[in-house]
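Only one structure is covered here, and it is reproduced in the block below.
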């Protein structure tokens, strides 16, 4: 029953290179319900990776957008009425149309109403959830640990990507620990949100959610390392990571992947 | 009756240089109702060109802003309730005060309610409409062609700027085909929206809408070519096009214009 | 009774260096109610300075965010219903919890309803107000002058930071004239808004509002000068000022401060 650890260093670098190629040749549509701070950078990350992003929130038309998208991102970074309405509709349509979707429950550790809304969304079974340790603890009501994360993924049948110094991706059975990335990524807003968007992008071109999520985090982590080497601070870094993601290739992925 | 083809290469480059000079010396106010993804970049494009942008959407005050602006941009990229209300008021005031305005019916090919709203706006006769081939087809209900575009412009008495690999600008009688630009422009979000904002800017300093629209598209196209030469990917390109637009001059316009 | 002019060149440069160090080591939370155009750049300025920004506007949760923030920014750049509701709650909680807050009454000279709303906020005694000469005149109903600014600050017990070619900071008794900065700062959107956010950041780590506001304006002014020297136009400048703010130190502040 147990699937192998497909996440060896070489395997995952190869998977990421393959998915990047698919993104660039297929140009999937990714619809994003994301916070106002992150919208521009998220769109640019998706464009740099080869996707066609859309961002509308209007309840009259979001159904039409989601029905024709290849993946959906739901980010709770700004938790206004309009976005909650849009999310209800979008998640409903995504379920009907079998559109894979990612939940990024930003800052659920900072406000109880947001955590409650996030829990109702998780009950509707996103394909993947990407969050940090504090956000996990706030939602799970337990300490964040490797075991708790695997249990939560397994119990719900979803892939969880837990970000941190080392990212942990798990579907409850398989795990990948990805130690790529750079501290400068925490000095630019919306970097995590953009990572979640990249998870959605990979889900659009790969049915195995675990592989898609792990590949996406590897891509953004390696792109971040390359960008840090060519930038003088967070402003030039934010531009450089779009450049490095745009030109990222299997060679750099294989050479730099720190996966276990 | 027929006006000459003012759009010869040398003519249009000269017109663009003149309008750029006017923008920099007059600093016209440009009010933008645009989507949340595009607001920041649009404001920066307008500032780089010498304008003073404003972006408020509040129905209580948009009338005051539009009454005192030199041109108005209406972009449908995020089609929320607030923006539709703001648009109704803004277009009304623009008509009363003779403020030129540009419609950018983003993604009308993706959602019927948006197309319907765009049609009601076109009936109120924007000075110019900027859109791509799919958007034109969705609004016109016909195949997009040179003839259909000229006919739509002539019938409504508006200038249409149809973007594509070669942009076509027409007022129904005159046409300009502008083959400037760079593929990297499609890898940065809001580039088209910013082009529409530049059309609004040129309308603020030039009464001939055909000349204004063609000059604006030439400016952004040449700025894009120059930016591509000095950037390493879409992130550095997005910064570089603001730099090249800021320092664009008649020499570069004349040397690079591909107009027929 | 009279406090000394703490704002001599050396004093203020030293204060700014100290506050910058505090920001980087303490990482204060800064909650921002700011306009959609400025959100991303403001968040990046705060991150570059070492802070943790949050931006939510939802009336259900803004109370929880403000109760746990170290300072609050209220910027009126987009004056929509949601932001006004959020502002009412946020200012109430800030008062209860003794959270310092900054008001940036953007464009109050352009629309009467906005000026009226700004006046009700000033009556609730922000810790500091940052605005330009036209905005001051619109709110005060008088010509903008050094004396009128000092009188307004003294009468309300608030610190006023009046931006212009030379910035004037005053609490009614003390004054600092800061002649740093660069014209390119006016060619990038949200630069003033980001300056106000930096005032909020400094208030989070320094109780003397006059010193905090003056130090913040010195920081952004010097960062702007350094950025202008390494950029080719407004696009590269916007990235560079994040880089220079990130690496700003006491040496550069002392060498460049133009304070009297």
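Couple of notes before you dig in:
So that you can tell them apart, the chains are marked A, B and C in the order they are listed, and the count of residues begins at 1 in each.
We adopt the following convention: a contact is a pair of C-beta atoms (placed from the backbone, for glycine too) under 8 Å apart; a residue touches a chain by one contact, two chains touch by 3 or more.
Keep in mind the model is a prediction, meaning the values are calculated, not measured.
Shared numbers divided by all numbers used gives the overlap of an interface; between chain A and chain B this overlap falls below half, so the copies present different residues. Fitting chain B to chain C on Cα positions gives a rotation angle of 120°, stated in steps of 5. Chain A and chain B have CA centres that are 34 Å apart. Multi-chain contact residues of chain C, defined as those touching 2 or more other chains: 36, 40, 238-239.
Contact residues on chain A toward chain B in their complex (touch as defined above): 36, 39-40, 43-44, 47-48, 53-58, 60-61, 64-65, 68, 82, 238-247.
Within the complex, the chain B residues that touch chain A are 35-38, 40-41, 77-81, 107, 110-114, 186-190, 231-236, 238-239.
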